[in-house]
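What follows is a single structure, and I will ask about it in a moment.
Think of it as A, B, C and D in the order they're written, each chain with its own count starting at 1.
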Amino acid sequence: MHIMEGFLPIEHAVGWSVAAAPFVAWGIRSVNRRIRENPEQRMLLGVAAAFTFVLSALKLPSVTGSCSHPTGTGLGAVLFGPAAMAPIGAVVLLFQALLLAHGGLTTLGANIFSMAVVGPFAAYGIFALARRLKASLAVSVFLAASLADLLTYVTTSVQLAWAFPDPVGGFGASFLKFAGIFALTQIPLAISEGLLTVVICNALARF
Amino acid sequence: MSVPLLQLEDVHYRYPDGSAGLAGCSLSVSRGSRNALIGANGSGKTTLFQHCNGLLRPATGRVHYAGTPVDYGRAGLRALRSKVGLVFQNPDRQLFSASVREDVSFGPLNLGLSDATVAARVEAALQAVGMDDLAHKPVQNLSFGQKKRVCIAGVLAMEPELLVLDEPMAGLDQAMQEELLAVLDGLHRRGMTILLATHDIHFAYRWADRIHLMAAGRCCASFDAPALAGHEAELAAIGLRLPSVIGLERQLRQRGLLRGAPPIHSCSALLAQLQQEDC
Amino acid sequence: MSVPLLQLEDVHYRYPDGSAGLAGCSLSVSRGSRNALIGANGSGKTTLFQHCNGLLRPATGRVHYAGTPVDYGRAGLRALRSKVGLVFQNPDRQLFSASVREDVSFGPLNLGLSDATVAARVEAALQAVGMDDLAHKPVQNLSFGQKKRVCIAGVLAMEPELLVLDEPMAGLDQAMQEELLAVLDGLHRRGMTILLATHDIHFAYRWADRIHLMAAGRCCASFDAPALAGHEAELAAIGLRLPSVIGLERQLRQRGLLRGAPPIHSCSALLAQLQQEDC
Amino acid sequence: MLIEQSAYANRWRGVAPQAKGLFALGGVTAAFVAAATPAAGLGVAALLAAVTIGGARVSPLLYLRVAAPALFFLAISALSLAVSVDGGGLQATAAGTHQAAVVATRSLGALAALLFLVLTTPLSDLIALLRRLRTPEVLLDIMVLCYRTLFVFAAALQDMRAAQAARLGHLDRSRLLRSLGQMAAHLTLQVWQRSHALHLAALARNNDGPLRFLGSRHPHARRDAGLAGVAALALVLLAWSGR
């Protein structure tokens, strides 16, 4: 779920950009190191970004019957590592704004924070934790992908609620409003994305 | 004349991005025949093929299969796609599974057949394309020509009546082309109707019963292959020349070097004929 | 005889995964010549090409360029790669930028040339392949044949002495093939040495000065193209037959139908000759 | 992709990207400046849309189709801003409605500025602009490769979907999910194959570092940027006076 262009007040737009910047900067340093060790990584990152972009344009059959798009951050974090996903995700989100008018430039920072920082790190952390708790690969992958998707959307709801506290109920009421509205599409999507990622990983494991 | 197996009538189709696909295309394929569709890249061959099994639906115009109009409901498409098998050009974009057997089973499993039936069909299909020895191999270790044959097996396992192949010879070296040709000949002998796209007029003249010319989204001429010589103008209109074997045969007959043989379809056949009559 | 431009001597190479690449391959390409390398898929053509500009380094054996052994240090590779331009088979795996001009500028910029020089070279290269009118289009809107020409322009802009092309004709329809052939002829007239891989013995016989046969990782025969008729056995060993035009020409000469013309390289040329002598 | 089509076909395609970037920046600024007064904000949005459709000759229908998803998001979000949960019921408050109006007009204005930029400027030009703005090199490399490769992948995906549908892989939801998973896995493998092939191709063209390209020339870049700067300034001043 992308926050559209111009939706956030200027302080919030700048604030989230400042919040996302260190993660992207750290990611850039980390991938620069990888490229120095192995120059082929330069191509891999670009192709991986295209892969993520295309994957997120895939229409998923959702449990409720509607169709929606996966974020792809869970799979990306497991395949390419959460550090690489910050710059990759930043480029993908920029492209979604520039090629699809999906998201925006002033809201790029906020969207990067939820989708290219929180999502991948959550996915990676949940995956590692689940594996340590001896969950099967399929269960770990499902939890990582679907919970990362959910956390992304919770983050977005927090961002919106923080920017627009409810005049009556304040932040809490506003959060419930945003989270409630988007839950309709996001929870079935999170489940679909989890299932899809499991199918992908099962298929990959057989190659 | 009996009802054609597949018939397109004045089909128009335009892609969502605005590019033209088909513009008044009509085509008729009769049961048991070998059909070659000739046209340049971008003339609409692939779009036409996707109409043959309902992947695309005409904006206007009609598609008939075995005399009845195609039903684009779920059941109708299911029936049509199980009867019209479509083999795409690039094997890397139609093989998804890790192993050959698994990939070939994809279609029949989707038909909802029992495991035993599927297994039997998979083996039969692999045998038909001469890949039964390699069935356990991972797909990515196969050569390009072998992958093409797996693609064909994957469609054969659905036991279609009409096999549609997009540029089956492209990218194959001579040995692979001959192997593939043998596979197609075998299928044709067993009654399969075949429609394939090619750039290669020589190949079409040698192989097909019927030739269809395509340009700018429509089928601009259809005729029996032996009558190719009479269609020089239509060929020229799409930038092709008559295969030189036709002219050579004519020249040699004029000079009395070839006797009552039937029309000859390739330069190598012509050479063989000359050598034989020489003895 | 002058020193060959490129020479491989008894090159062996094995891929890290254990599959064989080259097994004692020797090849010599002389300056200004047109060379066709013929071999089945998997015979090692691509591996050989990657040795031509130092992408792969022989395990044993030597590669010489213009008489001196290749230096695999950084500076040596830079020099070699600016002189030997390599065009891969699949355009989608070698074009980096969606903008045609940007992509063509990639190589010359890597050579460290000034922006003005690069700009001039880009225009010249686009003109040489006939793509200057289409350079404003994004790569994704170009046809397959046009993309191939962009790939060639990207290499030409580095102004190499030797142009190496892997299966340049694969996947092109007849019109595109003729366009590409015209491009190659233009380059050859301007003194470029060309080495290309092909499956197609007819094309090689028609186009090349020199033919190299390849099988199982080695170059098993090299000869001047007009001498092809004398190498029937070597061709047969790699599963190919002589182009039928050779046999036809021989038959017709025996019968006194062709007079003192030089060797004829294609059936259509043979037909033209017959028709001409007929008048 | 509709935006792509328009970016390559509009009347202002040849205008220097820095000029268009400057004007879009002015548009966004004006949208934020004017937002306190919804009428002024709407004026900014309308003006930007008019410039895009009238000046750059972008088809109005295409404009609407591109804007539709964002407008849908805006409608839902603005609605949720306008109403408050009070006790057990929903009610619209004056403060909420005002906030919704402010946010909606600001978003419309900023969206119109973004659409102006992307509908008139090919992505290659925008990447070249980011290069001039000293974006980190590795991000630029990712962008260039991503832009090129995403079309390759999109075409592959389209072909694979057709091939699966032809073998009845999309008949029902569970088959569809399985087919999509296999397809995505197949595409995943290609990530490594393709990046290896691109690496070899780059080496063959003597590359041993960041990917460098010659930017396209814009003969009137300075004049364009000057005009765009004046227009942007005028737009911001207009928004300022109207709020």
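Assume contacts are C-beta pairs under 8 Å (C-beta built on N, C-alpha and C of every residue); 3 or more make two chains touch, one makes a residue touch a chain.
Model, not experiment: these values are computed from the prediction.
Path length between subunit C and subunit D in the touching-chain graph (shortest route): 1. The largest tally of C-beta contacts between two chains is found for A-D. As a whole-number value, the distance joining the C-alpha centres of subunit A and subunit D reads 18 Å.
Work out the mean CA point of subunit A and of subunit C, and you get 46 Å between them.
A separation of 31 Å divides the Cα centre of subunit B from that of subunit C. In whole angstrom, the spacing between the mean C-alpha positions of subunit B and subunit D is 42. Among the residues of subunit C, none is in touch with two or more other chains.
Annotation for subunit D: residues touching 2 or more other chains are 4, 123, 144-145, 147-148, 152, 182, 185-186, 189, 194, 198, 202, 208, 211. Across the assembly, subunit A contributes 203, 207 as residues in contact with two or more other chains.
The list of touching chain pairs reads A-B, A-D, B-C, B-D, C-D. The residues of subunit B lying in touch with subunit C in their complex are 40-42, 143-145, 170-176, 199, 201, 239-241, 244-245, 247-248, 251, 255, 257, 266-268, 270-271, 274-275, 278. Here subunit A touches subunit B in the complex through residues 203, 206-207, going by the rule given at the top.
Of all residues in subunit D, only 4, 8, 122-124, 144-145, 147-148, 151-152, 194, 197-198, 200-208, 211-217 touch subunit C in the complex they form. On the subunit B side of its complex with subunit A, the touching residues are 96-99, 138, 140. Those residues of subunit D lying in contact with subunit A across their complex are 1, 3-4, 28, 31-32, 66-67, 69-70, 73-74, 76-77, 80-81, 83-86, 93, 95-96, 99, 103, 106-111, 113-115, 117-118, 123, 126, 136, 138-139, 141-150, 152-154, 157, 173, 176-178, 180-182, 184-189, 191-192, 194-196, 198-199, 202, 208, 210-211.
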